[in-house]
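In the two assemblies presented below, subunit A is common to both, partnered first by subunit B and then by subunit C.
After this line comes the complex of A and B, so read on.
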């Protein structure tokens, strides 16, 4: 089967991660004392240069379009036009949805702002990216809760493996809004120590190994699990990709509330929590994938509270949301 | 009339989210739509229609009129002056 490689990445997160090595300069402690981790956003005038297009874009769309374009930027400043665009978002354009609903209430269902309606749908940042690139090919958005990111990645991998396409841009993004935070607070969602996060993570997947960061060997989605299943599934994932469980050098974990599964994994594999840096959001596993691909390509790994120069060969990313959505991804430093 | 023009400029900036435009940047006689002037589009036309209803309680009853009314800030101001209750 054709291998799939990560050719480039781009990340906007609550960390100094966009077009910058800042995140890896020194160990960043978990952000504490707040239950909202807002993204550190770039100057959007430099990422979306057309002011006319930019003015209608809400926060989520600006993040999604910016990482998408950044991921496709070639050395001469032009953009690579991908064969396909796959986007992922758990909640879509919440800011515009809220504005539109507020407008419905305030104006008695009349005088509704068309921009907020147009921009509120989940597929807007994928669509806007396609429009800005002049891309007329496959452009699909996955709004599948806690496994939206993995669904989009699976689509891209299957199409590359089936020779339908050679490359694909995959972007996952979600945003924090004050209303969502408040609604979730009333539901008691943040009482358990969760931190709300946001960000956008883009990946150019390619069938070509040359110049790639690493291989994206597998993406698995599991729903209901039984005790012990997650760690066993991780072992199966290694075995089905020509590795032993002990070959997995590191598991980056994005656990939500399944403490038993978290314990199982940390008992059998070396782990580092990626969610401490990005918070909880539907497409958070995109941050884990960005981090894993960066560690493999930079030849560094977490040790204690610092980055250590060491060449890892394989990293798994485990993510869980509300004991319902469990996902596993496997990255390999392809040395063949 | 001058006050109305200045007020209208600010309302257009706010409602259309023209984030890098100031009232001083808008020539009240310049075209609002097309390649010249502000370069607004059809969605903006809808938003200006809503703006007129929201702030001035004026409805454009004949859509054919809109092209003429929305030609510039001055023409919108004249329309408001002529139709405001």
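After this line comes the complex of A and C, so read on.
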């Protein structure tokens, strides 16, 4: 079975993360005093050069297309055309969905704007990326709540491991909308210090090790698990990938509901909460994966409230979806 | 080794199980008619399932006080039928569920916004089913599937793409069975969406006819059980090949030369190790829009040459069920192979003036079917082709 490497990444997030080392220059404290972490958006002129197309794209699509194209940009400015494009979004074009729904209901099913309908479907940014690249290969979008990102990564890994393709672009994106925020507020979701976030994270996965950031060794999705088994699952993950539990130098966590989980993991592994920088959204684990791959390739890890140069072997990413449902991803720095 | 289709389940406006659907197909009896259940000002024919959500929930033995989206209810019923037939027991087997849907819990979201607009108490729980994955989670919970589940949303090719992932999971991850297909309900969102795109026919759709003037929407669900080992069952057929390609032409239209559809069909043949001449029948996407049918016919002509294999569109019976159509039509293909019978289209009189191709118009028994192809094309250029064979 072929190994899968992360050849390049691109990230739009509430942090200074797009085409920038800014995030890693100095330690960024968690943003406080707000329960909405909006993405720091790049100047889209630099990513989507056609003004007409740019104007017609919704917020989510601009983010998704931008990190996708950026991730594929070669040194000479041209794009690498990947064998396959896998996209992930928990909610799809939520803002356009809502606009179109309100238009239907408020206008009595008249005066409808088709562009809201077109941009509402989940596969819009994946389709648009294919369209802009003139890419005729495999193109699929996963929309499975908090597991969307992991589903897209799994599909890409299966095809690379089976030697069906050599590389794949995997992008996960979700956006903040006022209604979703408000609905969650009414449920008291933000009361306990949670913050809503948004962003887009792209990865070029490759069977080629040369020049890669790290190896993506595993993506595991676990449903209806027994409480208190997370640390053991992490150990199993290490063992089944030729590592010892102590080889996991850091676990990046994105907990939604379960403070007990963080406590359980931190009792056995060094832990850093990745969600403090990106907030809560369906494909947030993409941010965790971006952060993990960057730390491994840069050879830095959090120490106190600092980034510290250090030798790293592997990083795991733990992300919760709902109670007792979680995902684990494992990144390895190939040293051989 | 190719995957066996060991069970099927179908729900459409023609009937609530595979047998009812097959009987209706053989009789060339369409499920498309005037809307009576769904409240909308658009007076368009559609393939509507007449049971309400409450009635479906009762048939499934669900607690009527809990909230289920129509997407989840339709999916549960079809997936359950397929699992019963295949004898799939998630307690004893490693089972995955992959579902394709385009609108998720939209019927409940519509209810929420309608209640809010009318100043009624809008129930928040109606919004919790909104995302596509929520319907799959509900289904998995009902079906007792825990090992793996995911949801694909590539508009009208969602469930065809789900079937591809199912085969890859069977190849690599040691699953005993994958329950795979798609589900989509009729809702005001899609009726208004397709109205805004001006591609809904006000009359019954007429795929591949020169007078065609758009599609009819439909609702339903279609699921298969795919297994490596048939375990004593006589499978309907095997999944021999598949491919997904991107037309990369336009967000909602297909290219004139049918590049994406051509590449998908060609890729599926390559994956199956077959030649165009090996295909005995094509279940076309055949929506009845001016753009789709011409583009698809052009692609078929490019691939098959002057003499096309027999083909038809079963959307004249079900309407276009969007995310579900790949699953429903895969189940139809399984039944056609098992019964060695081609289900024709109807409403066909005059070939397209740009390209003269003629779909089958009569039921053909003892058709000599060994290998057949099923096409599904979606918004965003995501087009897919599956090949099933005996």
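A few comments on the model shown:
Please note the rule applied: the second predicted complex is superposed on the first by the 334 of 336 C-alpha atoms of A that agree within 3 Å, B and C clash if a C-alpha of one lies under 4 Å from a C-alpha of the other, contacts with A are read in each partner's own complex, and residues count from 1 in each chain.
As a convention for this text, contacts are C-beta pairs under 8 Å (C-beta built on N, C-alpha and C of every residue); 3 or more make two chains touch, one makes a residue touch a chain.
Since the structure is predicted, the reported quantities are computational estimates derived from the model, not experimental observations.
Steric overlap between subunit B and subunit C is absent once the structures are superposed on subunit A; the two fit side by side. Contacts of A:30 after superposition on the shared chain: neither subunit B nor subunit C is touched. By the touch criterion stated above, A:118 is placed in contact with subunit B and with subunit C alike. Contacts of A:130 after superposition on the shared chain: subunit C is touched, whereas subunit B is not. In the superposed model, A:52 makes contact with subunit B only, not with subunit C.
In the superposed model, A:178 lies in contact with neither subunit B nor subunit C.
In the superposed pair of complexes, A:260 makes contact with neither subunit B nor subunit C. Of the two partners, subunit B and subunit C, it is C that touches more residues of subunit A. Between subunit B and subunit C the least C-alpha distance in the superposed model amounts to 8 Å. On subunit A, the patch touched by subunit B and the patch touched by subunit C overlap at residues 112-114, 118. Subunit A makes touch with subunit B in their complex at residues 51-52, 54-56, 107, 111-115, 118.
Looking at the complex, you find that subunit C touches subunit A at residues 40-42, 102, 104, 109-110, 113-114, 117, 124, 127, 130-134, 136-137, 140, 146-155, 161, 165, 168-169, 171-173, 188-189, 192-193, 195-197, 243-252, 259-260, 263, 378-382. Residues of subunit B that touch subunit A in their complex: 16-20, 39, 43, 46-47, 50, 53-54.
Partner subunit C is touched in their complex by these residues of subunit A: 85, 90-92, 97, 100-102, 104-106, 108-110, 112-114, 117-118, 120-124, 126-128, 130-131, 133-148, 151, 154-155, 158-159, 161-162, 183, 186-187, 221, 223-224, 282.
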